[in-house]
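Just below is one structure, and these are the notes that go with it.
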Amino acid sequence: MSIRWTRIAPQIALTPALAVTLVAFIGSIFWTIYLSFTRSRRVPDYAIDWSEWGRQYARLAQDAGWSTALWNLITLGVGSGLAIVFGFVLAAMIDREKRGESFFRTVFLYPLAVSLIVTGVAWRWILNPTMGLEATLHRIGFENVDFNWLAQGDTAMYAIILASIWQSSGFYMALMIAGLKSINSEIWSAARLDGVSLWRLYIEIIIPMMKFTFLTCAILLSLGVIKAYDIVLAMTNGGPGQSTWVPAYFVINALSQKQNLGYASAAAVMMLLITLAVFLPLVLLTAWQNRRRAAQ
Amino acid sequence: MPSVHFEHIVKAYGAVTVLDDLNLSVDDGDFLVLLGPSGCGKTTLLNMLAGLTDVTDGRIMIGERDVTDLDPKDRGLAMVFQSYALYPTKTVRGNLKFGLSAAKLPREEVRRRVEWAAQVLQIEPLMDRRPSQLSGGQRQRVAIGRALVKHADVLLFDEPLSNLDAKLRTEMRLEIKRLHDELNPTVVYVTHDQIEAMTMATKIAVMNGGVIQQFGTPDEIYETPANLFVASFIGAPAMNLKAARVTKRDGRVAGVFDGGQTIALDDYRFRATPEEGRPIVVGMRPEHFAPPGAPLDAAAATLDLPLQHTERTGSDATGYLKFDDGLLALRVEPGHAARLRAGETVRVGFPRGKANLFDAASGERL
Amino acid sequence: MTDLTVTEAAAGATALKRRRPAARTRRRHRGLNGRSLAVLVFLTMCALFFCVPLYVVLTTSLKTMEEIRQGQIFALPDTWTLEAWRFAWNEACSGITCEGLKVGFWNSVRILVPSLILSISLAMVTGYALALWEVKWAGTFLFLLFLCAFVPLQIIMFPLIAITRSMGVYGTILGVAVVHAVMSMPVLTLIFRNYYKDIPAEIMNAAIMDSGSFWRIFGEIILPMSGNILIVVLILQITNVWNDYLIGVTFGGYNTQPMTVNLANMVTVSTGTASYNVDMAAALLTAIPPLVVYFLVGKFFVAGITAGAIKG
Amino acid sequence: EDVIVFHNWSSGPEVAALNILKEDFESKGHAWTDIAIPHDTGSNVSLLNLVTGGNPPNVFLESSPGFYRDLADMGLARPLTDWYEANGYPEHLPASVLSSITVDGEIMKVPTAIHIDGMVYYNMDVAEEVGVDPTSWTSLEDMFASFDAVREAGKVPLAIGAQQWQIGYLTHALAAAVAGPDFFNAIYGGEVDPAVIDSAEMRELLDWLRRFQEAADEGAVNRDWNVTTNMVITGDALMQIHGDWMKGEWLAAGKVAGEDFGCIQIPGAEAVSVTVDSWGLLGDQSETMDQAELDFAATVLDPAVQARFAAAKGSTPVRLDATGDIDACSQEVLAILEDAEHQVANPHSQVDADWQSSLWDVLFNYWSDPSMTADEAIEQMTSNYDLILG
Amino acid sequence: MPSVHFEHIVKAYGAVTVLDDLNLSVDDGDFLVLLGPSGCGKTTLLNMLAGLTDVTDGRIMIGERDVTDLDPKDRGLAMVFQSYALYPTKTVRGNLKFGLSAAKLPREEVRRRVEWAAQVLQIEPLMDRRPSQLSGGQRQRVAIGRALVKHADVLLFDEPLSNLDAKLRTEMRLEIKRLHDELNPTVVYVTHDQIEAMTMATKIAVMNGGVIQQFGTPDEIYETPANLFVASFIGAPAMNLKAARVTKRDGRVAGVFDGGQTIALDDYRFRATPEEGRPIVVGMRPEHFAPPGAPLDAAAATLDLPLQHTERTGSDATGYLKFDDGLLALRVEPGHAARLRAGETVRVGFPRGKANLFDAASGERL
């Protein structure tokens, strides 16, 4: 019996990716989990003190910075979620009003191309009370506007969300345009003939039909939110106080400022658990959606 | 039930003119089928009537109303789409209701209409399902139901059956025909399937390249095609179209095929008697031939031709005879077909008064 | 009874010669109606909002420092000058070297090319094998990939250092490329797989019967069909690699720091009196390559996504 | 073979100073490869990554004693005690410098510059204009008392950059000034004494910090230190309290100490916190590289280079016998440093990084949230102590 | 030209068994059509033969070789796919050549074969075009060409014509038939179109639900369907299937329909003579009825039924008569159809020896 290369070749081709996954990701994750039980400081220290193996986690539980980071993660997630909504609105408008489609698309997409290190500075200026938007508004007569978001702990997160919406809406818009384009054009015709109002059409038909696109956006969004670090660094560097810390920032801070690898590992493991908690339902949803789509 | 009139319709997409000065009238209660090959402008015409596409120039009347500039929803018509265009996120009931949402009808009236449509179409058990849980034929029914609930006087169909398999197609054909007989709306129905056209229409408009080639009853179209396009487009197997020249035999008009055989044409009703020598095309339907070998008194033409092969479809069989460079198709009895051998020369007769003649240059019926 | 209004002339050729209706009275133009106008106004406002940061960065880079100190960030420059650009490109200091961003620019290019090649080819082949060939454990593997897509670099940075070190590529451009390939593999692979999944099974079946060679089919059939998706991935990955800071700084060599590190060195603690115009010019210089990519091929981006590049 | 020099300096004066080292070093026939990762962007981690990645730089700017201990664990330490003694360096170095370059009894670092972490630099023109004389202040109360006058003149009295590390520095400078060396060492020294966390001194310190915060201008949030310095240079603000490396900015702007700007220690200070910027050398190297590294160290410790370096960077030389001009501010510093009791060492060179970082977190929270009380801050510090060092 | 044998084939997808112990043999040079409704397992069977799908259990032989575990390219067969599956980025020439890439043939030989195939299929002028620049029929030709160049002994087709329009389908049907006559490979051809099956096959295997219902020549299948499924699946309009009971009339076997009418069954060749009273189904093909009103001596059954409606397709017409609860379809002459009025009762006769009888319970032929 001869060798069935059509069965073996793809497996060979997959080995590098598999190796990368197992070593670089899975292996590393286990390494991180292991370290989170040690007292490693600057460099790995592989001894585990079993009498208090959970000390890093216990510390996390009491760390105000960590709970702030968790809260901010939720705020950021919900807030950046507006980017999906905004992206959809933009997409719907561009899709209906074909005029200027490519112009608007380009304008809304460009923030994606530019590093946050660059735009973070611009945003900080715009939100700076003495030279930015607030000052300009004051100068032209709106004395009462308060736009000093970055300076206050309870509003700094909004500034980050604003910048994040600015940065990512274009991407969701692109996904949404693609989703809208894939809707059978006869549905639009049918609705026009029926005289259905645009509002009802979107709410009752189009948006439910685009569930899948929304789900994809949600996955990509949560991916971005969980990894969010650059944007915090560029906009506030975590401040004022610890008010804009997010878990990824926390991990880096533990690594570079606290120089505590064990603690950073514990925080990273928690991040991973959060990821799983967010991700598993999404995966199940996706699988369910796929089945439904297949059924259709 | 209003009539529909297209008057001097022009439609251009940018620089490309798809329809140019098209005129067409549909009487009230008529079942008009727009028949034509892909891309000939059928959907465009239908969409203009529905108001989904703008008219570049000309006027569309429904009854006495000029609807050219009306919103689709104000034209008082309903449409069934090729892909059904059901709202996938709504149940069958929701689909039927949603179409009425703009009409601001009392609740009770909506319920009544939906139930009526469900009953007419026998989809009552499906009312709470989603389109994705329906079979093709059921979806088609719901799509029709969505049009029916609107009590529109004019119903439009855009290739509504082309996504169904053969068996369902036959069933739905009967269903639509029955609905038309019962409710008697004015119908404009687009298809490129000639069986659909022949079986359902009271009037057919055959289109090609944006131009209406012939407008008439199914029988007129089948029996007296107005030009070569219509002749070749309608009928399966297609009409045999053979080049010939006009000649006189004993003072009577006849045709000489390129291969030398003649056909008597003296009982053809010419619009104008053609001069001798004029190149023409003779059209002979496969089913008009006498059975091979069977004697035919007073045949217009009697041909002795070698058999290429026969094809049997179950209830029918077609024999293909070598004729000049091409083939001549004729219908034979299945039992008879089994007895014919390829290569054997058979004698077939074509009866008088059945030929169709066309001018070879213009393609117009003579 | 019906009256036959017009029986059209038969051939399409003659149709064109026919008399046109005398009065083309009501040639309708779809003008701007109220709704369209509202939509366009809204979109334009959004576009303006989107342009504000770019506008600020751009105008600042063209101003002199005196003007900037007046603090009117939304004003146009009084005197337009490209001096800041020249300075940022040629003279600005990063660390002790004051040769401007151009050094970092070329380093970034040197990093970009191998990173793109390595990351895209790895993801492409993996996606191809997963989508179009029968592999029993493909489902499990996909699940793992999906999971890995969520893992931030920081979590696995230490082990990656050890790995690249044992491979002997730590601190080299190749090392950077390897890490880029590793980090982007899950997402890119999923993108490629989703795209290839839509290639009709029949084409694959035909190819398997014709050739049976994994690589031949890839090279001759699948690769040429990947145009759309390649553009999407190229755009994503060019932006990603070009804008990367952490990988470049962590895994790069001594003389191979990318432009973003230069930029951060300049912007984070700016030289002398803070020269915002130079900072902004530097920022723009850094942003130009991905921006150019977006402006040039951005329309393919949406086209590619529509063609199935990114799905759940 | 190139000598790889890792540092986190990138401001103008810092680079100017580095160039002085580089010139002299290259004149000894060595090649200098520069690798700079600025402060906020994770230079600590980068250095560590380079080391664990097997690609360590030969010379690195790093004060933290823990780092040298880790190097020793990896067999990459380069003890310098013998070399120092053979070349007679110790006798030229002040005691505080010597102690700060010593890790566990062994000299490990090469000191390059001295800074005071909290000096008051003020714009003399502005002071004159608003009629304030900082040299007359004898206490912080005096200082705050004169702020109203400054405000009335439309100037910002106190320029502050409210970033975590700037607030951290301000606080430990204030701790030395207000609460004295004992308190300072109990909090920021090698051995932290939990008893002082909840003490009257701590409360006083926190109260002062609150007053500073209330005095800060609106734009302070997240402002880089050198931008802040430039507010003073341009005359928008009267003064800044910050590490005296800010002198470099003044010099780079062409200003002259004692004429354009004045420098005093924090009014009424009990002690000042001293930063000694120092280099480490990589061990386990080839003989030629080892020699190159030592040449680098010799360059740094060269008296003439020391003076030029200090002038460029705005620091004070580490050698008592540094030759050359010493400006008014450095003279002030040298005068302050004469009293061995009046100085404490920068926390970075002594204390546990985790603990210090946690202090910064709390302090920056306290600073950023005006409603946070001293009690709450102390509570957080206590719990942090228990978690980290307890 | 080898024969093909499926031996005890089992195919399961996970827990679902699609094919269970299937046996089928194709002789060399045969043109086997696998015919069946959607989802019955035709493609699965074909793919297993091609090696594209694994066999769960059983053995596939091509000639004397067991190919069950061979790679597709080593089985010496070629396949034409429903969607053509042309490589979109390659020219026609490239498409044809790629099929030979695994064979490592000399250049000259490749060129020769490609040219031969191009010539056989008359696609020489298209060689440098891309698939997207070809019409449907041309694409189909290239797809066949790709199979031909491989000089494979066994050719597989998976619904190759279902994407073509009616006219092209007829043409391509002839084309494939001609190729089979000329080159005489063993062909396995999948379709759900019975016209294709009837016209092309030398053998038909009718499948349903993964089971082969009947295997035989087209005539056997059409004339003597083995069970109700085959009877209803083959023929258009479909065979009239009416419930009845076996009875004896003058000692001769007859059937009584539920409506009371009788049909003589004494000249039916029963496999086993049925007991009286047994419920059966009588199958009558629409084309076997005598024309309405025409006398038929010795009819098996003579029925007087009211006309529901007639449907005219051009060359043919079908009359639908009310029979019990359902309809009885019969073929009528188009001219005749025009004279029939709905509601009018017509007398039709069904000839002797033409009925098909099935057991009502098992559906098997009696």
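Of note:
In order of appearance the chains are A, B, C, D and E, and numbering begins at 1 in each one.
In this text, a contact is a pair of C-beta atoms (placed from the backbone, for glycine too) under 8 Å apart; a residue touches a chain by one contact, two chains touch by 3 or more.
The structure displayed is predicted, hence computed values, not measured ones.
Identification of common neighbours of subunit A and subunit E yields B, C.
Chains joined by the most contact pairs: A-C.
In this view the innermost chain, defined by its CA centroid being closest to the centroid of all protein CA atoms, is C.
With centres defined as mean CA coordinates, subunit D is found 42 Å away from subunit C.
Averaging C-alpha coordinates per chain places the centre of subunit D 91 Å away from that of subunit E. Between subunit C and subunit E the centroid-to-centroid distance comes to 52 Å (mean Cα coordinates, whole Å). Distance between chain centres (mean CA atoms), subunit A to subunit B: 56 Å.
Touching two or more other chains at once are residues 158, 208, 212-213, 245, 264 of subunit C. Multi-chain contact residues, meaning those touching two or more other chains, do not occur anywhere in subunit B.
For subunit D, the set of residues touching two or more other chains reads 40, 42, 45, 52.
Interface of subunit D with subunit A (complex): residues 40, 42, 44-45, 48, 52, 64, 66-67, 70, 73-74, 162-164, 218-222, 353-354, 357-358, 360-361, 364-369, 380, 383, 387-388. Listed in rising order, the residues of subunit C touching subunit E in the complex are 200, 202-203, 205-213, 216, 220-221, 224-225. Within the complex formed with subunit E, the subunit A residues making contact are 1-2, 4-6. For subunit C in complex with subunit A, the touching residues are 36, 39-40, 42-43, 46-47, 49-54, 56-57, 60, 71-74, 122-123, 125-126, 128-130, 133-135, 141, 143-152, 154-156, 158-160, 163, 181-182, 185-187, 189, 208, 212-215, 239, 242-243, 245, 260, 263-264, 267, 279-280, 283-284, 286-287, 290-291, 293-295, 298-299, 301-302, 305-306, 310-312.
Residue ranges of subunit A in contact with subunit D, taken from their complex: 41-43, 58-59, 62-65, 124, 128-131, 148, 150-151, 153, 236-243, 252-253, 255-260, 263.
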